[in-house]
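Input: structures, listed below.
Paired with subunit B in one complex and with subunit C in the other, subunit A is shared by the two complexes that follow.
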Partner chain A sequence: MSALLIIIPLLAGFLFIPFKEKAKYILPLVVITTLIILLLLSPDQTNAMGGWKAPFGIVLVLDSASYYSLLVVNIVFLLISLMPQIVEKGYSVVLLILLASTNGLVLTGDIFNSFVFLEITAVAAYIIAFSRKNPYGAFKYLILGGISGAFYLLGAIYAYIGTGSLNFADISVNIKEGFLPIVALLIFIGIGVESKIFPLAGWVPDVYDSGSPLTPVILGTGVTFTIMYLFGRIFITVFHGYFLDVVFIFGLLTIVLGELAALRQNKLIKALAFSSIAQAGLVLSTISLGGYEAIKFGYFHLLNDISAKLVLFIIAATIAHNFTENKIAGVSFSIASFSLIGFPLFAGFRSKLLILQLAFSKDNYLLPAVVLFATVIEAAYILKWNIKLWHSTNTGEEKQKISWNVNLILLIVALLIIFIGIFPDLYLKMAQNIADGLTNYRAYVTNVLGGM
Partner chain B sequence: MRRFISIVIVFGLIMFFINTLSLLPKYGSVNISKVSEAYIDKNVNGNGGNVKYNESESLENGAANVVTSIVVDYRSFDTLGEVTVLFTAALGVSLVLNGIRRKKYGRRPNFILRVSVGILLPLIILFGTYIFIHGHLTPGGGFPGGTIIAAGILLLYLSNEEFDLSKTPKFVEGISGSLYIVTGLVGLAIAGVFLINFLPTGIVGDLFSAGIVPIVYILIGFKVGAELSGIVADLHREG
Partner chain C sequence: MVYYIAFILIGVGIYGFLTQKNLFKHLVSLTIVDTAVNIFIISLGYIEGKEAPIYSKYTPIANFVDPLPQALVLTAIVIGVGTLALGASLLIKVYEKYGTLDVEQIATKEAEE
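Coming up: the complex of A and B.
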């Protein structure tokens, strides 16, 4: 039944294509329906599409990792669908397709199927990234995404040659000697663009600065989370942590270069885009430390990051002049930005502290050094922007008002960030379930392939 | 400097791919994998085996064309995804080009084009329809068939400046795409499995065989034809 999570948004998207403008009314209903279906489903089930059993056909795997990832992604979509002001005219259909493809990406247990959903996600993302003011950013993203998609497909082909099937579980058990490094490298390049890792993240600031608040919000929260989940699914469940040493190095480089670039920006949204790159690097390098705890804390930090970014991007893209007239939005912004730095009492503090403790307990001093260095830079530019926005006088530019529902949702998310900072159990439990599902290789294989 | 880095990266990639060649099987001596073998013998559920054209009956999958049996039956869910990729691309073209006014050339196309459209168009549409109706028997199927029909629509646009499809492609693609999903949902309602082949598969090689495969391919043909026609219409509008 988990196929319904993909099919319902897709069906709604197909039906509403002649009436693109009306799709914004159906979007919240569809997201609520998928959330209800998700809550009714129980984890630990595999569904074979078309009735063809595991190594032969396509299976959708719902285990504790994909269940909680779906929960996060669908809640992000719900929040966005409740703010129709930030969605441009006609773009709700794209969001419906994007919802179907992100759900598919999380659920699928087949490497070629994941490529197909990655393509849909990418094409929808190019459309969302496009705006008339900024066609160059979207074009750059299109080229980079297209090439990386080709690498992902090549990785899938090599996996098929090496295994004889496209099933994740089958690949993890049966891949032949010598194929693993090739497949790992190709797939790393393939999802490197979407997961914003250092040499491939050049598109991010241009695209996030497209002028529409929808672009950074959806790409920086929902899509980022999905891609990070896919990264964990492939590199931890399928490859059993192989290749993570290389990812660790690239993750550290991403943190340092992302933060340094963010410091130099004189446009708020670009600074946040670079900070988003750096945070992705931090999550990837934490996951790459290896082991159950590292994966748990990595996803915990990712949850904190997307909560903060949801607030920051909407406010940065709508009012980036001053906060004295939009006090509620200003307070939400400040809370989210302090969480990003990791001030005590805010959510970001909890995850950064846990990551540092873990790295020290593993005798790894490189990651703590980089994280502390990054935090100092982060604090510098976040505080600079906070002071600038709270103290600037009205420059006579036209006032952009934030409507009450956007304000309310942002305030709720901001309060959630404080709540997590004091009682982190809610997010920690989700991250723990995701880490459980990802690291439990044996249960995954038996679930998919049957008793072996 | 930039050029130098690009050359280094490209050279590294070439070396990488040359190194991987040694892992690939030699030309002509591939061991067919277990999955491919099961697909060819129609033996995934373990009751297939020796498939004979025009004789074997009620196999797990009745398409005579092996590619079709994989694309529309064994891995039909992927095809639903691929259809969605094309759908999203067409949607993107219409959103990106939205609001651009149609340019008029104010010139009649030449005589040969106008006359030959009348002769060629029925043939093109007939050929396209043949390709997707016989997709489970002969090479072809919904994607090439739809493309051929869209080529006919392109001819109409070129030969007549007043011609406009307006919203027809959107309705056709929306309805055929939804029917594809509904076909899958019927399977979910009958057997509890999405996209299951719930119709009898008949004798391999008959026109009326292979269960839902021809139905799905006809829907894909309409959908692809409508999407590509929509792209042609949108691009033609750009002045």
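Coming up: the complex of A and C.
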């Protein structure tokens, strides 16, 4: 039954290749269908594809972590499909394929299958990165993504040598001690490009600055969330938190360098792209603190970040001139950017406060120091951009109006950010469910392999 | 022995990324890395003196090499070809936009804009 979440968008995508122009009408319908199917399904079930039982065949695992991740990703796709203005002509087909592959990436319980879905996601992302004539950025992304894909495949193969199986649950139980370091390292390099870790994140600003709002919005929210889920699934459920201390260092480096680079940009969308890198580093280093609470707060911060980025990227890519004529968009932008810094009353404040409290309670003073340093820099450039955009006298010839449906969605997401800032229970509950699913190794293994 | 060839090829591919200035050579390096990984996977499943894993009435005793790596490589090759085709088509667009495939010349043209 959960296979329908992959099949329906994939089939719709291939059926509508001859009618690319019409695909933008089918996209919202497909996303709503997948959401309805998802709500009808109950968590805690595994489906063996083709009737091959768990260690031998591919299984799709729907536990509480993948259920809520699917919910988040599909809602992001729904919001984007309701704004057909930001989707370039003919790109709805690519979005359908991307939806199928992200759903598959979240559901799959097989490491080679996850490699295949990762590559489909990456190829769809390269095509989206190309939108509105940005071939050089897209090509750089393709080269980096291609190498990281090869490393991911090598990691998957080493896992196969070490266990004789490609199944996540089987690997987590049976992997030989000696193989763990090399598998973890190779897979970390493999996911590093997509999850925007410091030395591998060089493609991000060039790709996000493609000129089309679709590129940063979908890559910075839906795809980022999926990759972070995959990271948690592999490093927490399969490796039981092994290798996370290395990820912690890389996460801290990513935060500092991302924020410093963002401060120096004189183009809004590039500043936001670097800020997106820094936030990814914060999420990864919080998750790598280890323990249930850290994972919960990491995903809570990720949810806050993608809500803010959804608003920021759309506005930055469509009207980066002046807010006096687009007041609703301006107000949404300010709310989302304040949430990014972590002003009280906004959603980002809640997650940053929880992360700081957790780090202090674990006697870890490095992360709070880095987070506070990053927050100061963030406040500097976010306030600079807010002042610049509200008080710009430059009423140039380009008067881009935002249509009412985009405005409405921006406003709803912005109000949601304030709502989460006051009553954080909604997001916290989602993050808690994701953390539950990821940390409960034993339930995952019995779920997949049957009683053992 | 074959393992060494695979890792030497990966090294050649990475050397290509780091030293070459032509974007097309980057694409070729990517292909070399892909091929090296595929050779490595195939070499894992090979067992000396065993036959191709095709089950039929002529092979009553299943004296086979490991068939799973071969199936994986088949999938990986298809993905690699798809990526290669997409990369080549992107390169055509790069050439149309900048008139060159040299990294340094593209950088100067980008700075001029």
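Just so we're on the same page, the second predicted complex is superposed on the first by the 447 of 452 C-alpha atoms of A that agree within 3 Å, B and C clash if a C-alpha of one lies under 4 Å from a C-alpha of the other, contacts with A are read in each partner's own complex, and residues count from 1 in each chain.
Here is the rule we go by: contacts are C-beta pairs under 8 Å (C-beta built on N, C-alpha and C of every residue); 3 or more make two chains touch, one makes a residue touch a chain.
Just so it is clear, the model here is predicted, and its values are computed rather than measured.
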Subunit B versus subunit C as contact partner of A:V116, first or second or both or neither: both
Which superposed partner A:L426 touches (first subunit B, second subunit C, both, neither): neither
Which of subunit B and subunit C A:I58 touches, first, second, both or neither: first
First (subunit B), second (subunit C), both or neither touched by A:I161: both
Per-residue contact with subunit A, leading partner among subunit C and subunit B: B
Which of subunit B and subunit C A:F130 touches, first, second, both or neither: both
Contacts of A:L366 with subunit B and subunit C, given as first, second, both or neither: neither
First (subunit B), second (subunit C), both or neither touched by A:I147: second
Overlap of the subunit B and subunit C footprints on subunit A, listed as residue numbers: 112, 116, 119, 123, 126-127, 130, 160-161
Contacting residues of subunit A [partner subunit B, same complex]: 1, 3-4, 7, 10-11, 13-18, 20, 47-53, 55-58, 90-91, 93-94, 97, 100-101, 104, 112-113, 116-117, 119-120, 123-124, 126-127, 130, 158, 160-166, 178-179, 182, 185
Residues of subunit A defined as touching subunit C within the complex: 112, 116, 119, 123, 126-127, 130, 133, 135-136, 138-139, 142-143, 146-147, 149-150, 153-154, 157, 160-161
Subunit A-facing residues of subunit C, complex: 10, 13-14, 17, 23, 26-27, 30, 33-34, 37, 40-41, 44, 68-69, 72, 75-76, 79, 82-83, 86-87, 90-91, 93-94, 97-98, 106, 110
Residue ranges of subunit B in contact with subunit A within the complex: 16, 20, 23-25, 33-36, 38-39, 44-45, 73-78, 80-82, 84-85, 87-89, 91-92, 95-96, 98, 167, 170-171, 173-174, 177-178, 181-182, 184-185, 187-188, 191, 193-197
